[in-house]
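For reference, the structure discussed in these notes is given below.
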Amino acid sequence: MSYTIAEIAASLGAEAFGDTSLRIARLAEPADAGPDDLALATKPAYAEALPQGKARAAMLWDGADWQALGLKAALIAPRPRFAMAGLTAMMDPGEGWGEGVHPSAVVDATAELGDGVTVGPLSVIGARARIGAGTRIGPNVTIGAEAQIGDSGVIREGVKIAARVRIGARVFIQPGAAIGGDGFSFVTPEVSGVEQARASLGDQGEATAQSYVRIHSLGSVRIGDDVEIGANATIDRGTIRDTEVGDRTKIDNLVMVAHNVIVGSDTLLCGQVGIAGSTRIGSNVVLAGQVGVSDNITVGDRVIAGGGTKILSKVPAGRVILGYPAVKMDTHIEMYKHMRRLGRLFQDVAGLKKAVSKTAQTD
Amino acid sequence: MSYTIAEIAASLGAEAFGDTSLRIARLAEPADAGPDDLALATKPAYAEALPQGKARAAMLWDGADWQALGLKAALIAPRPRFAMAGLTAMMDPGEGWGEGVHPSAVVDATAELGDGVTVGPLSVIGARARIGAGTRIGPNVTIGAEAQIGDSGVIREGVKIAARVRIGARVFIQPGAAIGGDGFSFVTPEVSGVEQARASLGDQGEATAQSYVRIHSLGSVRIGDDVEIGANATIDRGTIRDTEVGDRTKIDNLVMVAHNVIVGSDTLLCGQVGIAGSTRIGSNVVLAGQVGVSDNITVGDRVIAGGGTKILSKVPAGRVILGYPAVKMDTHIEMYKHMRRLGRLFQDVAGLKKAVSKTAQTD
Amino acid sequence: MSYTIAEIAASLGAEAFGDTSLRIARLAEPADAGPDDLALATKPAYAEALPQGKARAAMLWDGADWQALGLKAALIAPRPRFAMAGLTAMMDPGEGWGEGVHPSAVVDATAELGDGVTVGPLSVIGARARIGAGTRIGPNVTIGAEAQIGDSGVIREGVKIAARVRIGARVFIQPGAAIGGDGFSFVTPEVSGVEQARASLGDQGEATAQSYVRIHSLGSVRIGDDVEIGANATIDRGTIRDTEVGDRTKIDNLVMVAHNVIVGSDTLLCGQVGIAGSTRIGSNVVLAGQVGVSDNITVGDRVIAGGGTKILSKVPAGRVILGYPAVKMDTHIEMYKHMRRLGRLFQDVAGLKKAVSKTAQTD
């Protein structure tokens, strides 16, 4: 897996300079680069470290003088961060799982595997499951009965996909993700303290303590094409209909998507985000790390929520929010400035009280 | 697995109307319902979608006019949400894991399996483990040496139950849950900066940087009857005694219950809740999503904490709390209202300062 | 595995009193202790429960009168919490996984296993992986191609270690941890709304909605010696270079360490902490439970962050912080006191307005 500078440039639609026959086997940061590596020096600041390494070729920013940097060859792409997508895809060494179905895998006789499917050691594929052509399944994976996975996916080590889950094409599912756990859905025989506290904003009323009874999850999970699901993330089954994740949505590690949630397309759910039951998240949304979203609400398209935001009520489309509870980002910044100045305000008011009481006395 | 309307009504203690011999194979939301489905239209708002589907039978709210809705049969239960528990249990299609012990499972010769226990492919049952009658164990599960699980439980794909863990009857453990990891318990040779900062509320003092030494977990985990544990949740071993989870408590996905924690009965720990070491959570408590609880404190019975609440100190029984740090919900709402009006307050004080300084001058 | 009081004292460097030939098989809390247990009564308050149990021997605090407590033997260590490290290590009963390589494990012919390595049932060791002497690997574990693990480690049930990950000696990796998932790294063809909102602190500008393209992770993960990684925690691969965790750092359950992150040595990341991409965490840092750290920032050495702190910008070395967003702990306490008194402040200002308007009228 090595490529000439010319081949890389052609593949990325980048411009190539110098000795474009130089052969590249690896990408490297400038200071770590060896003579056969392509150094990634896409900003002048990064290029300063080139002399610490031994790079002969680098990817540079638009307008860079590659010769002045002492290089033998260079690549320049208009949006270098975007070029990284193609470049890293070319150079990906893969997982080394081998080809075909490993003899230790337990594949049900009724499962259908497309052309070129690989199944790693000690993985289980259930009855009537269907795996699309070219999908690679790692070791210690469980795929449940009647589950479906589209073409050209990658299912990493220890992933658990439950019965009847349907997943589109070209997905990446990271180690340990659990898709199709049962929803966290329980009910008390009588109206509970939580139901009362929610209705009254804080008062549990006379509700007596009760035990919960399980509502079973009869729905499953439906995941679109080109979706990524992070390590040890969880997506639960719906109660009656399916929980849904739209095309091209990317879900990070340890994210929880609860039962009945619908996530739109082209949305990012970053690390440790939690979406409670029956909530709808729009398309082109970005929820940064550790964002939480209450159950049964709607987060509109193109909403961006900063890290740690707790969304307790509906958010209109296009809003940029932050805080606990979530408010518009500029409101949050203003509230925060005020808080930092509260000490002064208390002093001012104390001073005013003294002045006014004196004025009153002297009147 | 199909039932007549009459059979369903008898099983749920609901009232049946119309052609109660209609046979139901599936539950559906009103708009999605086919002619053999039972549509769930337990509120007038839901019933509005009935014409979009093809339901001939529906579960309705008390007082609904089923004939006016164009149905051939109907069920009415006094608390429809509670009826869902029985209804979904009847209709649950299960995981399709098959019966008996799969030949690829590695069951230690000294393990004791009760009548009707099923063990999925590629699961491991350790020495002297005991599994109660009727418990179903999915694929890729690990059950450690001397672990005990009661009757009629469901242990989903990839669950890890460590040596010596004891679990009651009728539990549901969701995919990837890890029960019996070692506690996060370390100690420095001398008093550490954290110990000093805690004692002084913020000052690390002269503590020099040190390395941590591991305290091994000799206790295990004890889990009651009718408990549910969510996907990829973790419950750690106690240091000397066991970590405990009481009967009928429900734990959601990605929840962390640390070493030595004691959780009472009939408590809900929702998604991504974290309980730090040696803390006690009462019975009939509800901690909503992403709540965090500090170590070595007590949260009383019937406490309800809203989403994202961070509980840093003891909470008396029955309190409804919210915020970071946690305060009574009504206090939180009031504090928040004040914060939203701080801009006005700063303006008012600025105006007062001007007025008072003018008054002083004119005196 | 039982020891005399004399043996224990010698091993811990503790003082022994009374009948030091008493043989101890178990540690216990005072109230639970049987006649062959060592009761842990390292504070006078704990010793009060000794009469409820049957302990004949106890570990006590410096200066305790063991005879007055009715004991036959006692141990006194200068820092009892530190003595617990050695004591619990001696008494640890282990996981009961057995010796050698279980016949059901799938170990690639090119993998190199050191002396005394044990591999549990149904575990997978990939091509050219190297496992150091004495390392114990549990059941259902996956170790990827070319991964390296040092000597004397413990790799618990269901751990997933990806291709090319390098791990030092004497590590403990808890059940279900996933090391070497791909980084959450995506790029849009054009500048995205998030990039604009970050640059402008809240305004998405005219950015049109776009789809994300994957940046593959070519780096791996490098973990030092004596590291602990918690149950279901995740550590992602770096993009070009490795994600790194320094020696003796301890990582708790459900923690996420994102791609390119560098964590120093002797640092504690407590339960559910999340560190976003490319951030650097210093040495001797403590991040308490549910702390979040934004991407591309630096947290200095010896920083201590209280539970739930959200670190959105750089933190200098040695600082003790709390809150969302993070501020110095004493600043946080002051801000919080102010917030609790805002109701009074609003009243005071209202009173002042009335008084001043009256004064103005009477002038």
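Which chain is which? They are A, B and C, in the order written, and residues in each are numbered from 1.
Following the convention adopted for this analysis, a contact is a pair of C-beta atoms (placed from the backbone, for glycine too) under 8 Å apart; a residue touches a chain by one contact, two chains touch by 3 or more.
By chain, with names taken from UniProt: A, B, C = UDP-3-O-acylglucosamine N-acyltransferase.
Since the model is a prediction, treat every value here as computed from it, not as a measurement.
Asks: Could you say what rotation angle superposes chain A on its sequence twin chain B, using C-alpha positions and rounding to the nearest 5°?
Replies: The rotation relating chain A to chain B comes to 120 degrees.
Asks: Copies chain B and chain C touch; is their interface built from the same residue numbers (over half shared) or different ones?
Replies: different
Asks: Measuring from the mean C-alpha position of chain B to the mean C-alpha position of chain C, what distance in angstrom results?
Replies: 23
Asks: Going by the touch rule set out above, which residues of chain B reach two or more other chains?
Replies: 122, 140, 158, 176, 232, 254, 272, 290, 324, 339, 342, 345, 349, 352, 356, 359
Asks: What residues of chain B sit close enough to touch chain A in their complex?
Replies: Touch residues, chain B against chain A: 26-29, 32, 40, 79, 81-82, 84-85, 88-89, 91-98, 102, 104, 120-122, 138-140, 156-158, 172, 174-176, 226, 228, 230-232, 248, 250, 252-254, 266, 268, 270-272, 283-284, 286, 288-290, 301-302, 304, 306-308, 318, 320, 323-324, 328-330, 333, 336, 339-340, 342-343, 345-346, 349, 352-353, 356, 359-360, 363.
Asks: What does chain A use to touch chain B in their complex?
Replies: 106, 122-124, 126-127, 140-142, 144-146, 158, 160, 162-164, 176, 178, 180-182, 184, 186-190, 193-194, 197, 201-204, 209-218, 232-234, 236, 239-241, 254, 256, 258, 272, 274, 276, 290, 292, 294, 310, 312, 324-325, 334-335, 338-339, 341-342, 345, 348-349, 352, 355-356, 359, 362
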